[in-house]
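Two complexes are shown next, each including subunit A; its partner changes from subunit B in the first to subunit C in the second.
On to the complex of A and B.
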């Protein structure tokens, strides 16, 4: 089911109407009921998995005589479930191409997102950092239709904050409409038309002898399409949440204009990178006191969250090593001569942005190509071919 | 002062509001809701009850209740019928309440049924006095609840009294609207009498200065037995046709709830005391956006000295304006206003007088020039006619129509006034008046206490705090003295610290020299152990985040602090361990979500 469809817009509009028509005290539960109904219709396995997780995540730490082991056992079980589906050990079906070949195995809708929400909830419970709440609040958080399918991975304290201050606000509603429209424009115009149709046509018109330029532009096209599509989906989700009076964490913040790879990861898929910073980087660094190891572990986790494959492992290591290099540069920076004057500083900033941009664009080659030989061939073409 | 031939504006004003405001509109939103329609229905039924029980205009009735809805409804009913309300502290010990009833020579007492002093207080009433118990109001009762429910007290009695249709059309302007006792237990109690004319004139001023209108949503959770809770809450809301919000008494744990109310109910004005602002600013992990709701207009700070630093920091951090108000119970509530307009909103001042006149005079009563320090005098239609049956106190406070405030003030070139000290001995702790004489009397009632002297000390949160020195017959722990006082005086009057001295330094008249005692206490404090090194957290964090320590607070988080990235987080961890000689466990490092968390964790480690 595509978000770019009248069918989905119908769900969106109906949800908003029913939500605001309900008495204020039960609105979040009405939304949860709609979300459950949506999942039951479109992904019954997901409905069951999410319902079971909701009950276990809330009650297990509270009813267990030893909450800490129960929490960690539960976290491991969720990770195992996620890995099992991503590795294809468990599946609920398969997607096929035109020839009938299996393209990918299907996993429960939204599992990658709500599994991370559950782990976040459990670990914050362990830290004692959750605001006071009831089971119904937690249900409202997990069964939150706007972010159920494709994120952002919003946090429980933010949801609870909005819920406790919840009210009708025409400005918020108006902003929600704008964000939904903006999101659809990103997906349809910038992603589907420009990056997926217009840009390939332009690239196809380039002299085939300029193979390096073509390979580079293809990586650029791929990266832009990923960005426009995913940022568009995030904007639709954020707009949908605003229509319901909730502010959901932003997921992208002009990532291609960042001056270093650390900044890039603070502005690209912010909810996932923030999650990994809190629950992968921090624990690894807290135990090992090694920030380089923390960076590598974090980027590997982000990579494997997308897909359990060698190409994503390489992609994660590529970005992890990039962050390590940046950290080492930061240490060495005080010993380097200071750039003085606006021209020099401006050039330095421009150069930093260009370097970061190309570092990220080149990383897309790792996940764009179907096979390892194709990937190596693409890099060889970019670095040794004709521009 | 009021003209005795003039008529009270209240009957016509209240009738107009009753006739024009939608009965379904919410007047009071607390734990329960009171709508305008229900309010006026109850006011008319209470008027019938008052008439049936011979509570005529001029009768004085003491109200002692923790239920805001009851206090406010009874007060408005009394104002509408010309009865004088005497609002008492519902937490006052029996002895204090009884003295207040006697001092007011009350014709009636309306008190919570569960009040521990209710039965005793009934006996203190004058013969034939009306005694009425107030009961909690529950919207929905089960069968058992209905069977066991009170049938004689308030609000059950309302159904036996039809709404009065012939309320007084006119009342004299000098009808006493209420009496508030600012000192109830000394031999010379001072009950501030406020007339209908005083009250109406002042509310008109407040509603104009603050811009209150039917869209005003005022959050005021100050106690109703203080003028700042009573007048700047329900009375302002009522006469503007707006809504009053009272989310229960303030506590640090409740800052989040306060923020929720401000956002959810679209609060336009928060009326509070500087202590609450200090607690929000210093101790709470308060949301910087809590006042940036689009509806919120400004904070009204009253009943105490607003520290200039706090004022600036608070406005800067929360992006909202604070209007600093100066006034006394004797002037209904306010008199001078620093804001909301730019001309009077000057930090460190109490702004300019509105609808009243000010003078600054020396000991001889001569007017002083700008910049010179003298006593602040006030005159205006909102100034009380006097203290109830206390001619001596009245003539001392009101001379030639001018109220002598007892506060030392100065005026700058722009016409803004600033308070620089106080002639009177009263201590203002978090907006609440504490009378040293009352504390001294409580301390001296202990058999081992020879003499006691109570005074104020500066406090960053409360503005002032209560301290006492005692001389003893035989040694006794200060904690035992505090326990002794607990049953005699209100909790807010209890000394925060008691120092035992062999004897007091005394002046020529034999009185303890308070300044010498203060110096002694402050010196003893300065010799106390140094503050714990956890305060170093901010300096170390500033170094790690490459920012200024002044920009950091307990509410600083990675999200709102530039430079606090995951790399700096580990730098902070290592720096804290090196500087303070502690070892942070992985769980500690992961729990450092704000500098408040860091401070708490470090303090715990140091204590261990």
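On to the complex of A and C.
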């Protein structure tokens, strides 16, 4: 099933209508019931996994005589579940089916996203940072249809804040409609048409002897497609949430116009990078007092969240080392001569944006190619081939 | 978009212009969706 379909739009419109037609006190439960129905129809395994996780995450820390060990055991169990499914996908998918049909049967829909929401809830509960709430509120948070399947990974305190002040607001509803429209425009026009259809046709028309240019443009096309598709989907999800009167964390903020790789990661998949900053980077830095190690651990966590594979490990290390290099440059910066005047500073900003943009585009080669030899060949072509 | 147009052309003219902008976007999306042969890959549910 695709987001770009009348079927999905039907679910969206039906959910919004039923939600606002319901009495205000039970609206979040009506939404949870619709989400459960949606999962039961499209991914029954996911419906069971999410229901079990919801009960355990809420009640285990509360009923256990020793909450702290129970919370950490639960976090480890969720991580193990995620790893098992992701590793299982690779093994079973490669063993039985090249088309990915088995993958869809095995992997619970949206698991990567709601597993991280559960871990966030457990760790915030441990810190005592959660606002007062009931089990029904937590159910409403976990079974929140707009973000259930592919994020953004929103936070419980934000959800609870919106729930406690929930009311109809025409302006919010109108902004939601606008975001959904912009999201679809991004997916359909910029992603599906421009990056997936028009750009490949343009690249195919280039003289084959200019192999480096072709390989570079192919990485660019891949990166733009990922961005337009995912940012478009995030806009649809954020718009859908606004239609229900909830504000959800932004996921993208012009990432390709950032001046350094650290800024890039604060504007690309913001909900995931923010989650990893809070629950991977901060603890690693707190324990080791080493920000470089923190950056590497964070980027590896982000990479492995996407896929348990060597190519994603390399991709994570590439970005992690990029951030480490930037951190070291920041330390050395005071000793460097200052750039004076608007022209020099403008050139420096332009150069920084171009450098960051190309650093990111070249990283897509790592995850774009199917095999390691293909990846190495693509890099060799870009750096030594004819432009 | 409405806020932007209201600042540029005034509140009265902004409402129909915003509506026109939305209709234009919908037509554009439907046109490209029908034209499109590429699958929606990244966010496939």
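Definition applied: the second predicted complex is superposed on the first by the 369 of 387 C-alpha atoms of A that agree within 3 Å, B and C clash if a C-alpha of one lies under 4 Å from a C-alpha of the other, contacts with A are read in each partner's own complex, and residues count from 1 in each chain.
Simple rule for what comes next: a residue touches a chain if its C-beta (ideal position, glycine included) is under 8 Å from a C-beta of that chain, and two chains touch if they have at least 3 such contacts.
Because the structure is predicted, anything quoted here is derived from the model rather than measured.
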* Asked: Touching A:210 in the superposition: subunit B (first), subunit C (second), both, neither?
  -> neither
* Asked: Counting only touches as set out at the top, which of subunit B and subunit C does A:259 meet: first, second, both, neither?
  -> neither
* Is A:184 contacted by the first partner subunit B, the second partner subunit C, both or neither? -> second
* Asked: Should A:330 be classified as contacting the first partner (subunit B), the second (subunit C), both, or neither?
  -> first
* Which superposed partner A:377 touches (first subunit B, second subunit C, both, neither) -> neither
* Name the contact category of A:133: first (subunit B only), second (subunit C only), both, or neither. => neither
* To do: Would you check which partner chain A:3 touches, where first means subunit B only, second means subunit C only, and both and neither mean what they say?
  => second
* Asked: Given the touch rule stated above, what does A:306 touch, subunit B (first), subunit C (second), both, or neither?
  -> neither
* Enumerate the contact residues on subunit C facing subunit A in the complex. => 1-2, 22, 25-26, 28-29, 32-33, 35-45
* **subunit C-touching residues of subunit A, taken from the complex the two chains share** => 1-4, 8, 42, 109, 149-150, 174, 177-178, 181-182, 184-185, 187-189, 191-193, 196-197, 225-226, 229-230, 232-233
* Asked: Across the complex, what residues on subunit B touch subunit A?
  -> 256, 259-260, 263-266, 287, 294, 565-567, 569-570, 573-574, 585-587, 589-591, 593
* Asked: So in the complex, which bits of subunit A are touching subunit B?
  -> 127-129, 131, 161, 164-167, 169, 171, 262, 266, 277-278, 281-283, 285-287, 289, 291, 294, 327, 330
